[in-house]
Amino acid sequence: GGRPGRELVLATTTSTEDSGLLDYLLPYFTERTGIQVKVVAVGTGQALEMGRKGDADVLLVHAKPDELKFVADGYGTERHDVMYNDFIIIGPAADPAGIKGLADVKEAFRLIAAAQATFVSRGDNSGTHKKEKAIWAAMETVLAGDWYVEVGQGMGATLGIADEKQGYLLIDRATYLAQKASISLEIMVEGDELLLNQYGVIPVNPARHDGINERGARMFVEWLISDEAQELIGKFGVEEFGQPLFFPNAGR
Amino acid sequence: MNHPVAAVDLRKSYNGRLVLAADEFRLAAGQVTALVGPSGAGKTTLLRLAAGLETPDSGELYWFGRPSNAADLAARRRLGFVFQMPRLFSGTVYENLAYGLRLRGLGEGEIRERVERLLQQVGLSEFSAQVARSLSGGEQQRVALARTLITGPEVIFLDEPTANLDPPNVKAIEELVTGYCREQGAAVAWVTHNIFQARRCSQQLVFLAEGRVVEAGPTHRLVQEAAEARTRAFLSGEMIY
Amino acid sequence: MNHPVAAVDLRKSYNGRLVLAADEFRLAAGQVTALVGPSGAGKTTLLRLAAGLETPDSGELYWFGRPSNAADLAARRRLGFVFQMPRLFSGTVYENLAYGLRLRGLGEGEIRERVERLLQQVGLSEFSAQVARSLSGGEQQRVALARTLITGPEVIFLDEPTANLDPPNVKAIEELVTGYCREQGAAVAWVTHNIFQARRCSQQLVFLAEGRVVEAGPTHRLVQEAAEARTRAFLSGEMIY
Amino acid sequence: MLQGLREALGMLWGGDAELWGIIARSLLVSLTAVALAAAVGVPLGAAVGLRRFRGRTLLRRVLRTFMGLPPVVVGLIVYLTLSRSGPLGPLDLLFTPTAMIIAQFLLALPIVAALAAGTVEGIDEQVREAALTLGATARQAEYKVLAEARRGLVTAVAAAYGRVAAEVGAVMLVGGNIRGYTRVMTTAIALETRQGQYGLAIGLGLVLIVISFLVNMIVEAGGEAR
Amino acid sequence: MLQGLREALGMLWGGDAELWGIIARSLLVSLTAVALAAAVGVPLGAAVGLRRFRGRTLLRRVLRTFMGLPPVVVGLIVYLTLSRSGPLGPLDLLFTPTAMIIAQFLLALPIVAALAAGTVEGIDEQVREAALTLGATARQAEYKVLAEARRGLVTAVAAAYGRVAAEVGAVMLVGGNIRGYTRVMTTAIALETRQGQYGLAIGLGLVLIVISFLVNMIVEAGGEAR
């Protein structure tokens, strides 16, 4: 079989679609190449699984260790950095744990745990969740009790819950900015190097399945890390939010 | 005389066709009023109107001397109706008979006693536990009658209650109903196609045809000197079918 | 003589109670066989078994000289059944009559013609477009009969087909059925509680009681010299109810 | 996939406290919601099926349409109502099992009512009349019709249960899928799916189906018994 | 919320091509799925309701249970079947409207069948016997029962339509919610919800409900007509 070479299936995490980045970016790609991109936005784990099963031609995700393993296992042919944004800790204005303005995430986490202040976790093994777990792992906190709420949902939904519960939350800046207007939580901690959120692009290995759109995937990767696309990424969101949502860093 | 049911000028049309126009209709306490007439004459319609199951297009209806009112539960509970086709509930014969008594709040002991007596009277003692709808046609007809009689109504509307019965059973049912009528002073309206039955059991007779009351009066008088040819033909037994 | 339906040793129990045990039962072509007997005797059960609507616990059944087989559509289509309670389909009277003809692939013109003829014969010409289930009891009974006769069956099972009819209508139906039987050479099984009807219309008679064939034979002979007291009592008209 | 099923079964046998907790919570939420929907929906359906009143046809059509209420929309409406900034915010019900019951109740109600209406319409007017002539009040006569329509009502309730027990959109929104508190079978399945754990997701799905099967058996038995 | 509704209606009136495309696609997918489910489910339900065969009780119970198939699980099973690495991979149906129709068909089938079975059981055995004595084949007699059960069957189909038209879990998985290709009303609503556009999500939901209402009216009219 095989889809017509004009179509490409891109599996990606919900953040790229929900932020509007892909709707903004893809028309340019289609114009250049004539290739229609079919975006399937799912959880990170699900996107990788789609790649393993050969149901997507190319992946755009943000869970670097998993991505590297994916390529090492032979499911993908290569991996390129595309862009990054960063995670931030947001929380209620009252700031019961007293973390506002801290530069050290670990210190912030420790204070939250010590105060038993409500903390809302994605709890879904997504890139964001893994980042959060990595930070917790550095200390000996027992993640149990009413204060630690594991919701098992996407970023947007988790943000809604945190806002309702007036809890702290680790969130990617793009999602925060996109929904900032409708919530009351404020930025507490930002800027720690630990909080970088790297996105990568991976063409699925055509050798493992019939019908992978190898050529399309290659063109997509090449275009995404090209100067044109990188520049577009850097401009996205500036008009609306006064700052970019993603920072291009291909080849850097 | 005491007339628990009285109606004036009842009219009913279906889809623009007038199927009943009864100037006067009364049921006397302690008497059986036979309703006879051709198929489609309006006998069932008249019963249904008189029992409040159907709303007349016009006319007046009185129950126990007062304007009828379907919301008047107490009055309605003094009426009983046995449909032309038995409409038994799912469940056993016992449950069918017990239903009306349960509604009236009787205790289970009293219910059992009454059900057993009634079933015996209609010859169905052994069928108490049988699924009612699996009974034979004639058996179902008797259950339907018993189910109504058991509630002790003062007015009973019977729509061809013995149509599916053999002669001995007809005899038993006739005796049961006329006995009840006499003893309880109940008013009975009894639709039948059997002229012998009408003669045997009724004191009053109403002859309907094409939606109109052709003739009405005491049965013995009409049998001897009906004014209308059709009534005479029917009552004379000239047509015994 | 030609017997389109013949059965030997038919037995049927419900919930362990034997309700029918008929050693022999036959229907002769061109003749009406009356089935009489008390309510619950097993008349309906016998008809249903003979028509293949019910499976006997044991016994043999032959249709047109061959073992009966419900899957044999051609044979089944030569049988007709009129139920004790009319089971009309939703829709109009016309649609009810047309149904059997449509199944047989007749054209709409032919259907209309036949329906009109049959409706006239049962006195329901004006009711063609009425919703069948809104008819009066006797009207429904006639539609049920007409719906079966219209298919031209060679064997007809009639379960109390005139129970809800007035004398003139009974007369008309009797003439219709006996005429059909004679002219078409059809075999007719006719359950009735009316001894006059049995005498008038049947050549053969079967008297059932408590699930057994008490007596069977030519009607005129049984009327004169029935062996059993019960049969005599019934046939003599001593019990006219 | 077999692997996932094995894993799910292993958790069951192994007495995995979290899984059993999820199962218990699912049953609690869905059964409560359906019980409430039956309590309101059966009388409502009976009224629509049996009574003649203005707007009856419209109401029936609305109920039928609402059999297809999108769970996400119901979830959103409940969400916005219970939200801190919503009219019922002070009750503090958002992200609780109660909120999930409310949402599932709203989904189940039109299903029970519309199917019940259809069922009682099928039972002949004759039953109602017979009951009336035997001395029943209008309400008692309706009840008799319902009793005769018992099997159909059981089917209606089973359909509603099927809908809500399988539903994920509404409970996800108003419950929040909070681990140990509002996580139920369907939201757990959705979570496993998002993580690409298809085997485990299907395994949990099979467990859910088996539960539904058992619930159905019990409900049916209840319907036959009376 | 009103704002969102206004926005949704504005898009409708404004002839927003994308929205109208989504509506058309939703109708195409759900109506096709339900039509297929009716074609298979009505005869299946009739068989379960009317025939006596071994395993009938079990089959009926299974159908009832499957009224509650979790959409996500059905979606996953269809996904794994149609996946490139699944048995039907070569057909290349994943993330197509066809895949969505298959998933919704599987969800609708048990609903149609179980409700149809309940409905025909309610129609008396008497109708079937009457048809048989008038010369119907076993099949024709069953058809007559179905014809008498018409209104109940319409309700069954309406219930199934309601289920699939509102369903999001299965179509999201097997369709992928691809813009302009497999995005339907419910997946669009889910997307808006994820983006926090609650108003617009509810607006779209109301549009979906209005569509269901119209579909119901048409289906009902069809049921009365015959």
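So that you can tell them apart, the chains are marked A, B, C, D and E in the order they are listed, and the count of residues begins at 1 in each.
The working rule: a contact is a pair of C-beta atoms (placed from the backbone, for glycine too) under 8 Å apart; a residue touches a chain by one contact, two chains touch by 3 or more.
Because the structure is a prediction, the values reported are computed rather than measured.
S.K.: Please report the minimal path length, in steps, between subunit A and subunit B on the chain touch graph.
M.R.: 2
S.K.: Under the document's definition of touching, what chains do subunit B and subunit E have as common neighbours?
M.R.: Shared contacts of subunit B and subunit E: C, D.
S.K.: Pick out whichever of the two, C-E or A-E, is joined by more C-beta pairs in contact.
M.R.: Most contacts of the two pairs: A-E.
S.K.: Determine whether subunit B and subunit C, two copies of the same sequence, contact each other through the same residue numbers or different ones, counting it as same when over half of the numbers at the interface appear on both sides.
M.R.: Because over half of the interface numbers appear in both copies, subunit C and subunit B meet with the same residues.
S.K.: Can you tell me which chain lies farthest from subunit B, using the average of the Cα atoms as each chain's centre?
M.R.: A
S.K.: Using the average of all C-alpha atoms in each chain as its centre, how far is it in Å between subunit A and subunit D?
M.R.: So the centroids are 36 Å from each other.
S.K.: So the centre of each chain is just the mean of its C-alpha atoms; given that, what is the distance between subunit A and subunit C in Å?
M.R.: Between these chains, centre-to-centre, one finds 81 Å.
S.K.: From the mean C-alpha coordinate of subunit D to that of subunit E, what's the distance rounded to whole Å?
M.R.: 18
S.K.: Suppose each chain is reduced to the average of its Cα coordinates; what separation in Å results between subunit B and subunit C?
M.R.: Result: the chain centres lie 28 Å from each other.
S.K.: At which residue positions does subunit A touch at least two other chains?
M.R.: Each of 154, 157 in subunit A touches at least two other chains.
S.K.: Going by the contact rule already set, what residues in subunit E reach two or more other chains?
M.R.: Counting only residues that touch two or more other chains, subunit E contributes 79, 193.
S.K.: In subunit B, what residues contact two or more other chains?
M.R.: Within subunit B, no residue contacts more than one other chain.
S.K.: Just spell out which pairs of chains touch, all of them.
M.R.: According to the stated criterion, the contacting chain pairs are A-D, A-E, B-C, B-D, C-E, D-E.
S.K.: Going by the contact rule set out above, which residues of subunit D touch subunit A in the complex?
M.R.: Residues 83-84, 94-95, 172-173, 176-181, 183, 187-188, 191, 193-198.
S.K.: Which part of subunit E faces subunit D closely enough to touch in the complex?
M.R.: 1, 61-62, 64-73, 76-77, 79-80, 111, 114-115, 118-119, 121-123, 149, 151-152, 155, 158-159, 161-163, 165-166, 168-169, 173, 185-186, 189-190, 193, 198, 201-202, 205-206, 208-209, 212-213, 216-217, 220
S.K.: Within their complex, state which residues of subunit C touch subunit E.
M.R.: 51, 53, 71, 73, 76-77, 79-81, 83, 87, 89-90, 99-100, 103-104, 147-148, 151
S.K.: For subunit E, which residues are in contact with subunit C within the complex?
M.R.: Residues of subunit E touching subunit C: 124, 126-127, 129-138, 140, 144, 148.
S.K.: Which of the residues in subunit B end up touching subunit C in this complex?
M.R.: Residue list for subunit B touching subunit C: 14-15, 36-41, 43-45, 84-85, 130, 134-139, 142, 159-160, 162-171, 174, 193-197, 234, 239-241.
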